[in-house]
Amino acid sequence: MNRQATLAPVSLGERLRATRDLTMALAEPLSDADATVQPMPDASPAKWHLAHTSWFFETFLLREFVPDYRLFDERWPFLFNSYYEGAGERLARDRRGMLSRPSLDEARAYRAHVDQALAAALPDLDDDARDLIELGINHEQQHQELFLTDILATFAANPLEPAYAAAPPTRTADPGRDVAWVEGRSGVVEIGTSEESFAFDCERPRHQVLLQPHAIADRFVTNGEWQQFIADGGYRTPGHWLSDGWAWVGREGITAPLYWGEDGTSFTLAGRQPLDPNAPVTHVSHYEADAFARWVGARLPTEAEWEDMAAGHDPRGGNQLDHAGAVMPRPGGDFFGDVWCWTGSAFLPHPGFRQPEGPVGEYNGKFMSGQMVVKGASCATPRGSSRPSVRSFFPPHARWQFTGVRLARDC
Amino acid sequence: MNRQATLAPVSLGERLRATRDLTMALAEPLSDADATVQPMPDASPAKWHLAHTSWFFETFLLREFVPDYRLFDERWPFLFNSYYEGAGERLARDRRGMLSRPSLDEARAYRAHVDQALAAALPDLDDDARDLIELGINHEQQHQELFLTDILATFAANPLEPAYAAAPPTRTADPGRDVAWVEGRSGVVEIGTSEESFAFDCERPRHQVLLQPHAIADRFVTNGEWQQFIADGGYRTPGHWLSDGWAWVGREGITAPLYWGEDGTSFTLAGRQPLDPNAPVTHVSHYEADAFARWVGARLPTEAEWEDMAAGHDPRGGNQLDHAGAVMPRPGGDFFGDVWCWTGSAFLPHPGFRQPEGPVGEYNGKFMSGQMVVKGASCATPRGSSRPSVRSFFPPHARWQFTGVRLARDC
Amino acid sequence: MNRQATLAPVSLGERLRATRDLTMALAEPLSDADATVQPMPDASPAKWHLAHTSWFFETFLLREFVPDYRLFDERWPFLFNSYYEGAGERLARDRRGMLSRPSLDEARAYRAHVDQALAAALPDLDDDARDLIELGINHEQQHQELFLTDILATFAANPLEPAYAAAPPTRTADPGRDVAWVEGRSGVVEIGTSEESFAFDCERPRHQVLLQPHAIADRFVTNGEWQQFIADGGYRTPGHWLSDGWAWVGREGITAPLYWGEDGTSFTLAGRQPLDPNAPVTHVSHYEADAFARWVGARLPTEAEWEDMAAGHDPRGGNQLDHAGAVMPRPGGDFFGDVWCWTGSAFLPHPGFRQPEGPVGEYNGKFMSGQMVVKGASCATPRGSSRPSVRSFFPPHARWQFTGVRLARDC
Amino acid sequence: MNRQATLAPVSLGERLRATRDLTMALAEPLSDADATVQPMPDASPAKWHLAHTSWFFETFLLREFVPDYRLFDERWPFLFNSYYEGAGERLARDRRGMLSRPSLDEARAYRAHVDQALAAALPDLDDDARDLIELGINHEQQHQELFLTDILATFAANPLEPAYAAAPPTRTADPGRDVAWVEGRSGVVEIGTSEESFAFDCERPRHQVLLQPHAIADRFVTNGEWQQFIADGGYRTPGHWLSDGWAWVGREGITAPLYWGEDGTSFTLAGRQPLDPNAPVTHVSHYEADAFARWVGARLPTEAEWEDMAAGHDPRGGNQLDHAGAVMPRPGGDFFGDVWCWTGSAFLPHPGFRQPEGPVGEYNGKFMSGQMVVKGASCATPRGSSRPSVRSFFPPHARWQFTGVRLARDC
C-alpha cells in the first residue's frame, strides 16, 4: 500500500505542501505548449489549473489575512479568477487557451511565490484563515482531478494521440463476475455532514432522508457489458433514452463512450490502449448511464441510497490518485475509486443548506441547477479527499470526467 | 360560482364532450391565420393543438380499439404526432407553424370525425380503453392550458398586440396584505397518488417522504413586490442568481418578467393592461423565482412541502379556467389557481415510478431531465383537472406559462 | 398570345392599375393562413408582399406628395417597411411570419385605400412623383415574382404539399436538342442603360465594357442534363466546386436542386410534378451552376457577355408571367423567360453608378456585396418588366428563385 | 537600403534558402506555447505555418519528384494539409490550435529534414519541378505574412498583450499632407501577367480591360482621418454602409478598427503603441473601407485601376518585410508596402483563367467566391514577392490582415 495512504501528513502545513507538490508533479510531463491548450470550454489548460489554484490562496487568504502581501502580478487575478463574481472581472472561460503567456515556468514561479507567502504566514493564522487553507487544499485536490481529465481531453484532441505517461505497471487480470445486489437500509437515515472536519459547503448539513427499499450492485458496469449494450442497439433505440438524451445522441452522433475507438481500444492517459472488458466503463454521460440502466431494467441509485451504503466503505481505499502518472480504472474496486458513480439525483441544496458569506459562498451554491450528482471518487481523485458526503456534479451530457455506472433497483 | 364547477359532468362521455367542447370554444375567437402562427419552437399553433388532441384519441384509442375505424386523413398522423417515437415519424417541432393547411375549419372537421367515432365506440369500450379516454381528456385539458399560453405568445409576437378576448369583467380590488407564514408538517408524510381515479403516470405511486421543519407563505409574490425587486437592482446583482440564471439574464438581456412593458403594463390575453400591483407576478422563470427568493432571504418550497400543505386546500377552487376567455391572475387566491408555483425540486421519478407499457409510456417519463417541477394550477388550468399530486414541469428558463412564486423557509 | 403582351396598357395610370390588379389576382387562391406563413427568413408571407408594395407607394409617394393623405393605419409602416433605414424602424425580417393580423382582407383594404389615393392624386402629380409611381410599379412587379417564389417555398414547407394552382394547360413536348454555341461580340461594347424610360438605379449608367472572345449556349441546361451530373457524382466530387460551395454542400447535405424528390419529381406551384427532362433546370444555386459548368468544361457567362447578346432578343417574349397561375419553366425558350441566368459576375456598381438621393437611394446600392448577378427573366417575371440591362442578384447559395444555367465558353 | 532589396539572391536555391531562413527567423522570438495557440479559425498557429510550408514542398515536390524520399512522419500530412482535397484528409481548420505536439522544435526538425532533401534534389530537378519550388517559395512568402498577422492576433487575444518584438527603431515623423488625386489612364489597358517569371495562377493571363476616367489618391487614408470618421458618427450612420456591413457593425459591436484601444492606442507587434495620426489606417474591413469612402464622397479603386497605375511604381520599394521583427505601417509610403489596398472588385477569375492540373490547381481558383481583392503589399509582405498583378483576397469582414484604404473617384 502506498505511503501517502498509510502515513498521510497530519499537520495543515504538511498537507498543504503535499498537495502543492502533487500538483507540480502532475505538470512535470508537460511541455509549455501542452499546458496551454484548451480543448473545449469545459476543460482548462494545465497551466491555468496551476495558476488558478494559487490565485485561490492569494485571493481568499493572502490578500485578506496577510497585510503586507504583494501580488505576484497585478494583471494575473483577471487571468486566473474562475467564476467568482465577488472577486472581480475575469477572462472568459472559453478563452483560457489564449494564454501562451505566462509560460508554464512563470506559472510555477507564481506557485513558489504563493507557497512561500503561505509558509511564512501559516504559523500566525487564526482559525478562520486556517479554514480557508483547508478549503484551498481541497479546492486544489479537485483541480488535480480536473488537471488529469483536462489533459486527457487535450491529448485526445490531437490526432497524434500523445501519451501523458506510461501505463500503470500492474493491471490485475480479473476474471469478471456476476453482479450481486446488496440490499440497502430503508427508512429514515442520515446523510450529509455536520462534522467539524473539512467538508465542502454543499455537503452540509447532516440531515435525515427517507430511503425506500432498494438494492445496489456490488460492482460497476464494465466495458464488456457496455459492448453488449452497443451490440444490442442501445444507441439506436429511443425507448431507452431520456428525451434530452436521445436528442443529444442524434445531434452529436454518439455511438459509444467518449474516447472509444472502433477497434476495441480507448484513448487513455497512457495513450491508446485495448479496452479491458472487466474494467469499469468510464467517460459515459448521465444520459448514457440512465439509458444503460433502463436497458437492463434497473435504475441509477439516488444520492442518498449511495451515500448511506457507502458509509460502510473505506473512502481512502481503492484505485485513487496517489502520485502523478497515467491513472485509469481497473477491474475490481469498491465504492471509492476507479470511476465516479452517476446518481439519479439532481444537484440541489441539502435541506438547511446555507451559502457561506463572501465570495467563497459562490463555491458550489450557484451551480445548483441543471446538473446531476456523482458520488464516490475516481482513479484521478487524490486519495484522502474522498468522503461519502462528497457531492460532485456535472451536466447530464458531460463525459470527459471518469464517470461510470453502478446500478440500483427497487426491492 | 360557475356551473361547471358545481355541476360537473359525471359520466365519462359527458366529461369527454365537455372537454372537447371547451377546446372548440377556445378556438372561437381565432382566425385561420391566428391559429397557424408558431411564435417559437416551444409554443404550438392553436390549430395544431386542436388536431393533436384529436390525433391522440385517434392513435391510442380508435386505431387500437375500434376495428373498422378509418383515419380521417392518412397523412395527418405525421403532422400531429407530438413526440411519440413509438407512434411513428413526425413533423419537426419547430416547423409546426408551416401548416397553413389543413385550415382551421379542416381541423375542426377532424375533431368532429373523431368525436363521432368516439361517441359511437364509447358504449362498448372495455376498461383499458376507458382509461385511455380518461387519459385523453386529461391530455386535452393540458393542451387547453397550452392553447391559451401559446396564443398569448403568438399575439405578443405581433407588434399590433391583438387581444384574444375582452378582459374578465370583474377584477377584485384587493388592498394587498403582508405575507403570513404557515408552518407545514414535518416528519414522514405521503405524497403522490395511488388512487384508482385518474392521475398521470408521474404522480404515482403514493410514497413516503420526509419533510424538514418549514413554513410556506400564505400568498403568492405580487407584481408590486416584483417591482421592488427590480428597483433594488435584482436583475443586475449576480449574487442573487444561480450561475446558469445569471448567464441567461446576460445572454437574453432580461430585465423584467416576460410581457412586461416599460410603462407599468403587461401584455395579456386581453391585450396590454396596467399591472395590478396586488396580483400574483407571473411569466417568470425558475431562475427569476429563485433569485427573488434569495433576495428576500427565503427559498422556493420543495415539491413535497407544497404538496403536503396543498392537500388541505380545494383543488377545484380559485381562479381556474371555466370557459373560454381572457384569463389572467387576480389578487387574492389560494394554492390552486392564478399561477403555477415554481418549486425547488427537479422533475425526477417518484420512488417506485413505473413507466407504462407502449407508446403512452412516453407521456412523462422521458422528460425527467433538466426540468423543474411546478405545482398547483393557474388561471388557464381547466377547473377539475387539478390535484395536489399533479406535477407539471418546465426548463428553468421557461416563462411563457402562467408561472409564479410562493416563498418558503426553514423553521 | 396574351392580351397584356400585345396590347399592354400605355398610360401610367393604366399600368399602375394593371399591376395592382395582378397582385390581387395572385393572392386570390390563398387563404388568410397561407398568406401569413413565412417559411424562411429570405421569403416573406404573401400578405406582407401585398401590404409592403402598398406601403411603398404610401411612404415614398402619398406621404411626400399628397398633402392631405391620411395613413391607413399609424402602426403599419413599422410592419411593412422592408429595409429602408431612412424610412424608420421596422419589424425584423425573420419575424414577418408573426403577422396573423392584419388579416389578408385587411391587407386588401389597405391596397384599396392606397389605390384610391393614388388614383385621385395621379392627374396632378409632377414628373418627380410620376417617376416614383413608375418605380413603385416596377417595385411591385419584382414583388410579384417574389410572391410566387415565396408561396412556392411556403407550400414546399408543408408536408401536405398543397398546390397553388392547377398546372399550366399546355406544356409543349420538346424533343430536346444539342446545345449550339453562339459566338458573342468581342471588343468594346456598351451595357447598362441611360435611356429616359424606366430602369432601376443599378442599371445605370450605360457604359463601355470590353468583351473577350466568347460564345454562349443557345439554350438552358436541362433537367435531363442535371440528372447526368448527379449520376456522375457531381455532388460528391470536390474538384467541381468552389470552396464555399463545397462547404455548403456538406453542411446542408445538398444532393439535388431544391424541391427535387427522390422519385424523378419536383415540387412546383402546381404541386408535385414529374420532372420534364427537356425543361430548363431551376432552383439551383450559383454554387451548383458553377460546379455544373466546371463539370462540362465550360463556365458561366459574365453579365456583360449575356447582356450584349441578349440585346438582340425580345425581352417581352418567352415564358413570362402574364396572369395569375402556376407558372413553371418549359422546354424551349429564349434569353428571357423560364429561368433567370446565373452569371459569373458579382453584383457591383456599374462604373459611374450614383445612388439616388433620399430613402429610395437604398433600393439597390447597399446590397452590392456578397451577391451574384442573375440576368434575364423567369416564368414568374411579369411580362413587360424585363430589359437586357436588368440586374437581379442573390447570394451564391440562394435557390428558391427560378434560377437556371446557360453555359458560356472562351473562344 | 536593405541588402536583400538590392542584392536579392538570384539562384533558385539561394532564394529557397533565404526564404526558408526568414521563416525560421520569424519564429525565433516565440515559445513553444506561443507557436501553438490559434486565436480564431481564420488564423493558424505559428508552428502550423512552419510545418505547413514544409508539407507543401514535401507533398507537391519531394513525394512526386524524388523517388526515395522518406516522409518525415507518416502522420503529419494529415496535420499540415491546409485545404487540398486532392492531397487527402486533413485536420479541421478550427482545430489547428490543438497541436501542442509536435513541438516547435520538432516542427523545426521537420523543416531541416525537408530542406536537406530539397538541397539534395535541387541540382537534378527538371523544369516542372523547379516551377514547383518557385511556387513553394512564393507560397511560403505568403505564409510569412500570415505568420505575422496570426501571431499579432494571438498576442492580441491575450490580456497580457505580449509584444512579439521591439518597435522598429526609426519611425519618420511625417507632417501629414493633403491628398493629391492622380489621374489614371482610361481606355483599354492590360492587366494580369503572362510573363514567364513566377506569378500565381490567378494573376494569369494578361488581358485587356477597359478603364473609365478616374483618379486615385496619392496616399493612404490615415489614422487621423479615421479618427475624424469616428468622431463624425461614421460607425453609427447606416447611410454610409453596405447592408451586410451595417448588419456586421451591429452584430459585432464594431466601433473602430481592429486592435484600437479607447485611449488613442493600437495593439501592434511591438505591443500597445500610440496611434500615429499620419500613418496609414490598417486592420479595417472592406465594409469599413467602403463606408469611409462613401463618407468622403469617394469610392474604392477597382482592381484594374489600381493595377494599371501601380505598374509605374516599384514593387520592391516601400515598407515591406526585410527581416524578422515588429513590422507596422509608417507615415508616407507608396503603392507597395505599409498596407494592402482594399479594392471595389470581387475576387473572380481573369478572362481566360485556367486552373492548373492536379492538386496545386486548388491553390486559388476554388476561392473565387465571396471575397474582395486587395492589391499591393504590406509591411508584412516579404520584399521581392510583390507584383502589380498580385491578387490577394479576403472576405469583406476580415480585418486581421494589414489592410488599408486608398481612395479613388470618377473623373
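By letter and in written order, the chains are A, B, C and D; residue numbering begins at 1 in each of them.
By our rule, a residue touches a chain if its C-beta (ideal position, glycine included) is under 8 Å from a C-beta of that chain, and two chains touch if they have at least 3 such contacts.
Molecules present, by chain and UniProt name: A, B, C, D = Ergothioneine biosynthesis protein EgtB.
The shown structure was predicted, so the numbers you read here are calculated from the model rather than taken from an experiment.
Shared contact partners of subunit B and subunit C are absent; no chain touches both. Think of each touching pair as a link: the shortest run of links from subunit A to subunit C has 2 of them.
The greatest centre-to-centre distance from subunit B, using averaged C-alpha positions, is reached by D. With each centre defined as the average position of its C-alpha atoms, the distance from subunit C to subunit D rounds to 38 Å. Computed centre separation for the pair subunit B/subunit D is 59 angstrom, with centres defined by C-alpha atoms. Our note on geometry: subunit A versus subunit D, Cα centroid distance of 46 Å, whole angstroms. Across the assembly, subunit B contributes no residue in contact with two or more other chains.
If you check the complex, the residues on subunit C that touch subunit D are 83, 85-86, 188, 207-210, 212, 238-239, 241-246, 286-287, 290, 344-346, 348-349, 351-352, 366-370, 396, 410. Contact residues of subunit B toward subunit C in the complex are 31-37, 39, 47, 75, 78-79, 91, 95, 97-104, 154, 157-160, 162.
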